[in-house]
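First chain written, first letter: the chains are A, B, C, D, E, F, G and H, and each begins at residue 1.
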Amino acid sequence: MKVGIIMGSQSDLKVMSEAAQVLEDLGVEYELTIVSAHRTPERMFEYATSAKERGIAAIVAGAGGAAHLPGMVASMTSIPVIGVPVKSRNSIDGWDSILSILQMPAGVPVATVALDGAKNAGILAAKIVGVTDEKVSKNIEDFMKEMKDKVLTSAESVETDGWKSKI
Amino acid sequence: MKVGIIMGSQSDLKVMSEAAQVLEDLGVEYELTIVSAHRTPERMFEYATSAKERGIAAIVAGAGGAAHLPGMVASMTSIPVIGVPVKSRNSIDGWDSILSILQMPAGVPVATVALDGAKNAGILAAKIVGVTDEKVSKNIEDFMKEMKDKVLTSAESVETDGWKSKI
Amino acid sequence: MKVGIIMGSQSDLKVMSEAAQVLEDLGVEYELTIVSAHRTPERMFEYATSAKERGIAAIVAGAGGAAHLPGMVASMTSIPVIGVPVKSRNSIDGWDSILSILQMPAGVPVATVALDGAKNAGILAAKIVGVTDEKVSKNIEDFMKEMKDKVLTSAESVETDGWKSKI
Amino acid sequence: MKVGIIMGSQSDLKVMSEAAQVLEDLGVEYELTIVSAHRTPERMFEYATSAKERGIAAIVAGAGGAAHLPGMVASMTSIPVIGVPVKSRNSIDGWDSILSILQMPAGVPVATVALDGAKNAGILAAKIVGVTDEKVSKNIEDFMKEMKDKVLTSAESVETDGWKSKI
Amino acid sequence: MKVGIIMGSQSDLKVMSEAAQVLEDLGVEYELTIVSAHRTPERMFEYATSAKERGIAAIVAGAGGAAHLPGMVASMTSIPVIGVPVKSRNSIDGWDSILSILQMPAGVPVATVALDGAKNAGILAAKIVGVTDEKVSKNIEDFMKEMKDKVLTSAESVETDGWKSKI
Amino acid sequence: MKVGIIMGSQSDLKVMSEAAQVLEDLGVEYELTIVSAHRTPERMFEYATSAKERGIAAIVAGAGGAAHLPGMVASMTSIPVIGVPVKSRNSIDGWDSILSILQMPAGVPVATVALDGAKNAGILAAKIVGVTDEKVSKNIEDFMKEMKDKVLTSAESVETDGWKSKI
Amino acid sequence: MKVGIIMGSQSDLKVMSEAAQVLEDLGVEYELTIVSAHRTPERMFEYATSAKERGIAAIVAGAGGAAHLPGMVASMTSIPVIGVPVKSRNSIDGWDSILSILQMPAGVPVATVALDGAKNAGILAAKIVGVTDEKVSKNIEDFMKEMKDKVLTSAESVETDGWKSKI
Amino acid sequence: MKVGIIMGSQSDLKVMSEAAQVLEDLGVEYELTIVSAHRTPERMFEYATSAKERGIAAIVAGAGGAAHLPGMVASMTSIPVIGVPVKSRNSIDGWDSILSILQMPAGVPVATVALDGAKNAGILAAKIVGVTDEKVSKNIEDFMKEMKDKVLTSAESVETDGWKSKI
């Protein structure tokens, strides 16, 4: 099972590469490319309608502003689509991308994550793969354990050394 | 020259019919149908890519929530597209439809009007037709004159009778 | 594979039952109960940490106001968690539940759907199950086809009868 | 047919010049000047009421803050007016200019584009001219094709070289 | 000295009449009429530029949506203009009228009051008149005293009778 | 130890009485009256500066719109002040009262609760009293236990009877 | 007649000095000092209740965050109070100061200007003085004329030299 | 009596250390550590349920984004919890942390302070301790007096030297 990562423009790559990176870290296969809803609508149609047969289990789609890519892709495939609201240059504090991804009409869900939350989108895709792939599921649990350990270490260090040494 | 009016769902008709009505009043030919970006994406493609050759001069497109119809249609045609943000049932005060229509990326404009502003969308379409159609242009001027006269009459009536008689 | 549906209070049932209904319609097994993050934190811990071993493939969690249930559950399980922001009685237009579900920190994703979007949460859960369950995947495709057909029928009817007959 | 570009202050020129540039690129004649609703109201009246007879087909008007220029001009001419909300220095994240341009009352439409979206305003004006000017319409189609090609090239490059080489 | 009260439409009268009423109560002379920025721009110009010579000391202007009346009037007169943001039918929770009245550019102030705050606009106008009119100033002081006494009475009644008797 | 409950106007009583009721339920003594920051500033000064010596341990203050009562009282006493943002008639969705109570400058804290959250303000006051009053602390624990039991009962009932019987 | 300028903290001086400067330019006498609602409530009372008898015609009050100074001062004097919402360090985009100054309850108006709009507050104060002071009124008209001339000059320069020379 | 200060991540320390510092200044004992709701949920449970018996009188909890720490801790203890909304890196202007801390459901209060308002959280905790600890109460009064004196000094300096010397 493979995850497809797409984004509206190469300028989204800085944010969206975090999804690719975490999928690599969690041992999930993926492909990544650029598909623009507004500049290459035919390519988007092609991508969305062929994704399932090409072995894609879930799609991570990121876009900014009036972000139509995640919702349009979701309307043309039965596989889960995860949307990443990207804060674009002239964004109104991110509200535009969040609302145009999140507020999909009944029947066409997009699994929306936080603003610029591509890492979480990757983890969510891995969790979906992990539903039936025990290896990936185990990797996610290890990842969660690592996060916990980092907090415990930093807590211990603050308690031992005092907060004044950490500022 | 004809105007195309489309909307995402029949439930938008109550708002969107105002565009049709004002076009009738201003003597502009139009067609009206339902095209859903998320439920009938192929139909939307078909509609957008064939509009110009079918003699459509401008498209008025209304949708609510994560409203992708106006922007997606605009991405597939060289004729002007006017977007009407419709306040849907679970809308977040209209912000979702406004922002997902208004905040289009550079290169793909949508002429956005006020929330539920289908009447203004119709007038705007008429103004576009009126650029080269003197008859329609004249009708718009008459319409503007009528609006003015109504205000002048109501102003006179308030001044003459006093505001207490109007409440 | 079974989907778990939970909500913070019985008053959320009116919204959240749409997730259950659509899962039934799509042939996905589910269980539904009430788990409050703030009134029964131990129960929430118990629910989240045992979900996977009890055969739950994905959790749909709905809550309103400062909605902590989806995010807290997500922090304690490796299976995907879908969050439904419910517009509660004293909600600030839904912003509170949306933001407290959507804006999770890196590492702990919640798949957020639209305000009161429980139906979409159910479909998303079905899409996740459908990744490896062809029967469910087929049901989703049929469901999408039905949605399309309804729009086509209503479009034809508006075109044939004229919009004035529909208002 | 000529497009008129106006803005409230010379400080808006950095944003608004993008409208002029794209009109040049699309082969549309234009004029550009400064007209302030609040500092030169008489000039604004003069500009708006004489625009049509001076051969202006559409007006692009940009302003920031409590942005009255686009709406006031629209109230005094039958030609289409396109409004560009400019994010001014003490703007409240752009909401002020967006709402004071977008939310026009019924009868007086302004075709609003994205925050600082002057390029899109220019393209929209060109689309309006293109309704009856085949040369301009062809230029817009070429422009759309170019945008598409750029995305396809960048997609190919990311697919071939891998995303890690692009960051 | 007389206060001028104007509003964009007769539908604003229900809100705006509170300004007239309180001016009557405070013994300040006023005139009230309808002036629409967008439907009667010439009338607005005429009103604003002649106000001072007609003996108007301050103008109270109310409007909804993209509310340009207060700011435009302020740009054409040296007398103080008080703006009342009216919450119109398709208003976005009142933000549109508030921001398009409040966020005036440097050089052209509008004294903005609360949403639908016409009563306060009237009192503010009276305070301006009261700067040199001792009679009016005295009336305002009496009015403030009355407000205070009402609170004291209601406080005493709640304290004496207990809150349970007041619900 | 006694809690003081104050509010800007008798119209706030419907919301604010929930603070009084829960204090009664938790066995905490209280007094309740009306104090308006804007209509009875002297009374507010008197109330705030004398509260501590009159044996008040904490003050619950509710107000709507530009809500200055909680913050002003907090500036004049060393005892903790809890602020309740009340959603008033012309409130902008409650944002005005929330922000004017919450965003106090450094040095003058107000313990703010949710919009119309007077019940929580009462509980918070009881928690403050309970810091040194074991009886009250015990009552709070019982109250929390009751809340938990209600959820458990309703969960059991939904699980046993099925959600369809609850709608 | 003299204008009183006050602000909550010396850190507001950078913004608020614009009010002082413009009053100087317009030939209006003023005094300027620091009065904090939350740190010096007694001083605020003293200032507000004595302002009129000290010959103050209008007060300009600026504050940030939960900005109570303008409203509280307005509650204790019959002279007009102009409020300047200052965008403080941890402000939520200025919404907090705007709403806590603007949304005053009926009976206690504050003439609110734009975010950081101290210059406009000064001009508004001058307009109030100018109601009966012809000299000041004349200065304001000259000031408005100068603003107009600057726009005309810059318009001419852009028209003559072309916009490309101005970027 | 001791105050417990916790935060979701070491990156919150820069903001949260202000709570520690002011508690030191006011002579209140405290402990400080890191507890993450989403990365160390068991630790959070342990912390919250044991706080009271470990002699903690009040908890100050800071977190950003979808900030669940303060509310979850409050759900598991009868002692007062003070929440500090921290503006995190990808925060939506702070609204996310504010709303997910402030809008707690009835029964589970969190005493919320301003965005990044850790200093105020510390003072509020001290005020709670000061309810029965006269020494601390006295320190708070001294602290309030100092704030007042600083304002008076700066006011005097501005009045004496003139504002022009202070910019």
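Criterion: a residue touches a chain if its C-beta (ideal position, glycine included) is under 8 Å from a C-beta of that chain, and two chains touch if they have at least 3 such contacts.
Computed from a predicted structure; not experimentally measured.
Shared contact partners of subunit G and subunit H comprise F. Matching residue numbers shows that D-G is the pair in F-G, D-G or A-C whose interface repeats G-H, with more than half of the contact pairs in common. In the Cα superposition of subunit D onto subunit G, the rotation angle, rounded to steps of 5, is 90 degrees. Look at where the CA atoms of subunit A average out and do the same for subunit B: the two points lie 35 Å apart. Remark: subunit C and subunit F have CA centroids separated by 34 Å (rounded to whole angstrom).
Subunit B and subunit D have CA centres that are 18 Å apart. Listed for subunit E are residues 9, 39, 65-66, 90, 92-93, 95, 98, 102-105, 107-108, 110, 114-115, 117, 144, 147, each touching two or more other chains.
Applying the touch criterion to all chain pairs gives A-B, A-C, A-D, A-H, B-C, B-D, B-E, C-F, C-H, D-E, D-G, E-F, E-G, F-G, F-H, G-H. Subunit E makes touch with subunit B in their complex at residues 9-10, 13-14, 17, 20, 32-36, 39-40, 43, 65-66, 90, 92-93. Put simply, subunit E touches subunit D in their complex at residues 8-9, 37-39, 41, 45, 64-68, 71-72, 74-76, 88, 90-92, 95-96, 99-105, 107-108, 110. Those residues of subunit B that touch subunit D in the shared complex are 1, 52, 57-58, 78-80, 82, 98, 102-115, 117, 119-121, 123-124, 127-132, 137, 140-141, 143-144, 147.
On the subunit A side of its complex with subunit H, the touching residues are 87, 93-95, 98, 114-117, 144, 147-148, 150-152, 154-155, 158-159, 163-164, 166-167.
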